[in-house]
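Note that the chains take the letters A, B, C and D in the order they are written out, and that residue 1 is the start of every chain.
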Amino acid sequence: MKGASRYLPSIPVLLAYAALFVFGLLNPGRWQLVAQLAFYCALGQAFNLFMGMTGYVDFGYVAFLGIGTYGMAISISELADKGLGLGVIVIGLILSVVFAVLLSLAVGAVALRLRGAYFAIATIGVNEGFRYLIEGARIWNGSEGIIFSRQLREMVGREAAMSLSTFWADVMVFGVAVIATVLTIVYMRGKIGYALAALRMDEDAAKVMGINVTRFKIIAFITSAALAGLLGATAWALKLTYVFPADVFGIHYTVEAIIIVLLGGAGTLLGPIVGGLIYGVSKYYLAVYLPGFQLLVFAPVIIVVIVLFPEGTVGMIKRKLIGTALEKYIL
Amino acid sequence: MSLLRVENVTKRFGGLVAVDNVTMEIAHGEMMAIVGPNGAGKTTLFNLINGVFFADEGKIWFEDVDVTHYPAYKRAHMGIGRTFQISRPFASATVQENIAIGAMFGAAGSETNVDQAMEMADHYIGLIGLSSHRDKLAGGLTPIEKKMMEIARALAMKPRLLLMDEAMAGMNPKDIDKMVDFIKRIRSEEGIAIVALVEHIMRAVAGLAERVLVMHQGAKLVDEPTKIALSDPRVIEVYLGVPPGEADA
Amino acid sequence: MKKTMFLALILSAVFFCAATVLAAELPNKIVIGNPEALSGSQAKAGEQAVGGIKATIKWVNTVHGGVKVGGKKIPLDYKFYDCESKREAVTSLLERLITVDKVNFIMAPYSSSLTLAGAPVAEKYGILYMDHGGASDKIFTQGFRYIVQTIGPGTRYHTGTLDMLKKKDPAAKRLALAYKDDEFARSVMEGTEAHAKKLGYEIVFKRTYPPTVNDLTPLLSDMKASRPDIVLGGGHLADGQLLTQQMADLGIQTKALSILAAVTLPAFQNALKGKADGVMGPSHWEYGVTFSKEKALKAKQTWVGPSQDEFVKLFKEAIGMDLRPEYHAAEAAAAVLSLVLAVEKANSLDSDKVRAAMGDLKFTSFYGGWAIDKTGMQVGHDMIDAQWQNGKLVIVWPEAAATSALQYPKPAFK
Amino acid sequence: MILEQLAGNLFQGVVLGTVYGMATMGLSLIFGVLKVVNVGHGAFIMVGAFTSFAVFEYLGLSPVFAIPVAFGIGMALGMIFYYSSIRRLLKGPELASLLATFSFGVILEEGVKFLFTSDFRGFNWDLGKIDMGFTVLPYAKVAACLGSVIIAVLLYLWFNKTRAGMAMRSVVEDGVGARVCGVNVDWEYALSFSLGIGLTVASGVLLTMFVSVGINPYMGGEYTLKAFVVAVLGGLASPYGAFFGGLVFGLLENGSYTLFAQIPGLEPFAMTRFFSFLILLLILLLRPTGLLKAK
């Protein structure tokens, strides 16, 4: 596959995001549902960029969302009265990326030397250790966290703050999802994609083939972390306007990311959005129709799905489409 | 100037000395075979040369650069290619992609983009006669096809030194002859030095190598031109059994 | 299909506006929506809240005869979903309640974090957002217009306790604070510390412990060495039980021990048996408080709602289990009652009007007093202090609500 | 004064550490044999805690009797989970088995919530206590500590002195080799998975002997995280290593408290957590085989 045609698989993904977005615009009363789905899809895309492409399971991934949330929270709570207007939001986005990248460099230096379960446990350790450092050393208000609803309102006005939290933050989440999708396909179709595919299948052989595995792993790790930082800054900080360390370092978000990626198909481009939609929609309707019992229903379903379709839904679809005209659109 | 120089290299695993004070050299474009029974330390020596393991003692020079502490990928960039005793294809990538990975990241990697690498891959697929399998997943090939694909992948790296680990194990005599011809051909076409590891197929050694290095229990036993080496009594002893009395030595 | 749905949406919006203007076209029920936490970390409090709300709605519809608006008595209805104690789910379920189920008012989910998560959406739709389980004071410094609190603000939890102890024994000055490290308990600790300094207490020990803790021994050994007269602390349920048991294990004897949240729940005594005796705790409400219609009327207060015993009966029916309601249920119930009174007073279902009516609403129920300040923060509800005495929970403070005298000093752990 | 406190904390740390060690052996056994990380570990501990609670409250028996009951429940759960899913996932990506064990945890949590509600339970099993001067130790904790040691010794004897135990050890050391030697590897997997779960559920009982309050469906998460740290200290794949790791962890956690308490402005309790995760990372970097084994 040559030239532009190799980017064809991004079409169905971007179309799906566009459809979701338009559905949300046409149904203003379902916008928050759309926003939640967009968050799950974006989380899946961002997580997949590292986990799916390298096969390394980062269990502490939520730490990058958490520190991104802090980036935005600090920016708003410190700069709200400096008369910078929406510039503060831009600074917040930049800060969240910078924080996430710095943390990913620190984590990567330690954890990326490890493989398999050792890597997974090390990253859990980073996430938990970092949270307790914030609480124990009273960094950024410690466990009391930062509530910055008021500052946001004083900064941009009541109406603007409200539409920021209930609409524009979600639009930004869509933006993160699209950036993640584009980066994923550029990586997958570029040299780095082949390098990561090689190291996922046989890391030692990859080294012998001249692949500097550490370098490519770190690039993917940093990219994925930066996207998570943006996601924290938008879906958590701007949308909810507060941050408590116990919330933003909750390990169940990593588990959700894993479920989404696995339901869709790890290492595929289309997988995270399919997984995110399946996960989000089924969770939502279970919460509506079976309040209090949805997890009891959901957990066995997950087990059945991973036993029956270990490659995820997209992996299965891809296999069915081999040899058909649609093949080149699915990745 | 030699292409590769190995000086007094030793590698231990726990109490076991896998490679014991080996010194060897190979010139540009030379064709050499390393023979020895299973466990003689041949593969470990390979792993030391291309950087999978690091030597405990001694030095390794490649084109007069001290590469003793270079990681594997850097040595690949400098021009050391490698195939494995048990094939290690990237199983869920296609044959073309496998070979293209060699082209993308090997010695010529920094100047090769993805499209060029795919074209190079097509060239090498033709060379090894696997054109009909171009878009097949590498995991689905027969063992011999995998071996051929690995050679193509290593060649796509544009190496100056190709290390071939038991390329002919498990082949029948007819295939071995074909393989020997193939290796000779690529050597003259690509102008590279080749070191082949051979456990016991003397037919291949005799047809292929200009020089033979015999290893025994981690140490270098003989390093002579092929004809001399193969008639050396020590070599015959190693292959045909150790006479009584020396068993404990 | 979409077009007709969109049309229907506009039509129903028009209809809804018209209905609020014309009292004659009022809906045939008033719906309270609630994205409650029924699984995950806040599930226990969420279950209690749902029971309390259901029980109160039953009382309003059967005994009270419905909510009186525009000369009509309209029954209450209840729609709840499970947000799994997750912030993402709160916003989407909240919006579903507002736009799909068209509920009239919202009860926030339990806990400060989840309450805050839904606040921007409630503000956007301009719908009254009843906070029954978010105690953080900071919620009310953010400028939200539609949040109204029923649970008391965190900083006041332990101030009454100190007043009581000061009165009982002015000589006991050595005070130790050991609180859970979360935003709620920390705000309690902050308020306690400030109040203690005012009363002249000497704070000899002040530490927090992480929310998920299963062994407090090192902290308690440290505390023991500071030889406190009085220990105040705690946070939620599990750690409160743990704190008491391990103080007993280490033989830390103090003149008074007061622990947040956990103490006043039946589970505390069920778990600790005799070790619970003498342990105190502040609470918004406890079974046994003596707020009654008679007392309220005598004090010229507005009384509304079931009596305590009626509430307990309704609660047990509502959850279908023989479980006693706890303060999570009572404060959710009081929030519903405040809504009923405010709607009747505003004679409207419009959130802005009802919110305005709440501003100067004052009433007493089995839960106690209820009044809010301008920001929506609860200021009319006094905390009580309860103490376990010989296996029974009695109320010892304030003196007006007390059912028994304070046992002081606290007896040794059994 | 500080030294006395440090001594007290370290002593308590040893007692607590044996229980932590016992609570991690199951995790390490399962990882050692099947290379599966049991992310739902804490939920199984929770099941043990409820077993203990039920035996004490409903049957009126000492929690000691709950140990075999819990072990049996755990073995049964292990067999069910193994044959229903784990077996099919062993060849798949490790992610699949991670998610499966996580889902087991959720099923157990929500199932127990359905049966017992999410109330916080506890019971009062008081055997008196011994005052040692620098610290006070309740006999219930001594019992938990002794119970853990006895179970660890029994496991050791089973592994080293019985045919079944040696067969399992052969699988840990060399799966292919064991197959060649006629060991039914599939059965060994099933057995070690359920043995691991059995040990974990039983350890839930011992934990309630140590602290008999705060029992609720969601109590397990904390133990999962701690067990990971303990398992890594012990080398991840070795049950005895885990036991030793528990001891070290108990000492570190309790000992570092005294240290951090001396530094103003810190919350020493949260810092002990930070410290233990820091140690985890250092161990993973410097000695991934654990503290016991020489590399």
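Just so it is clear, contacts are C-beta pairs under 8 Å (C-beta built on N, C-alpha and C of every residue); 3 or more make two chains touch, one makes a residue touch a chain.
In this text the structure is predicted, and so the values were computed from the model without any measurement.
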item: Contact distance in steps, from chain B to chain D; value: 2
item: Longest centre-to-centre distance from chain D, chain (CA-based); value: B
item: Distance from the mean Cα position of chain C to that of chain B, given in whole angstrom; value: 75
item: Separation of chain A from chain C, taking each centre as the mean of its C-alpha atoms, in whole Å; value: 35
item: Centre-of-Cα separation between chain D and chain A, whole angstrom; value: 32
item: Separation of chain A from chain B, taking each centre as the mean of its C-alpha atoms, in whole Å; value: 43
item: Where chain A touches two or more other chains, by residue; value: 132, 135, 142-143, 295
item: Chain C residues counted as touching two or more neighbouring chains; value: 39, 43, 47, 181, 208, 210
item: Multi-chain contact sites of chain B, meaning residues that touch two or more partners; value: none
item: All pairs of touching chains, each written as two labels joined by a dash; value: A-B, A-C, A-D, C-D
item: Chain D - residues contacting chain A, complex; value: 31, 35, 37, 39, 84-85, 88-89, 92-96, 98-100, 102-104, 106-107, 109-111, 114, 221, 225, 228-229, 231-232, 236, 260, 265-271, 273-274, 277-278, 280-281, 284-285, 288
item: Chain C - residues contacting chain D, complex; value: 39-41, 43-44, 47, 181, 207-210, 212-215, 217-219, 221-222, 225, 237-239, 241-242, 244-246, 249-251, 262, 265, 267, 270-275, 321, 323
item: Chain A-facing residues of chain C, complex; value: 2, 6, 9, 36, 38-39, 43, 47, 80-84, 86-89, 91-96, 98-100, 113, 116-117, 119-121, 123-124, 136, 138-139, 141-144, 181-183, 186-187, 208, 210-211
item: Contact footprint of chain B on chain A as seen in their complex; value: 2-3, 189-191, 194-195, 197-198, 201-202, 204-213
item: Residues on chain B engaged by chain A in the complex (per definition of touch); value: 50-52, 71-74, 76-77, 82, 84, 88, 90-93, 97, 100-102, 104-107, 109, 113-115, 118, 153, 157
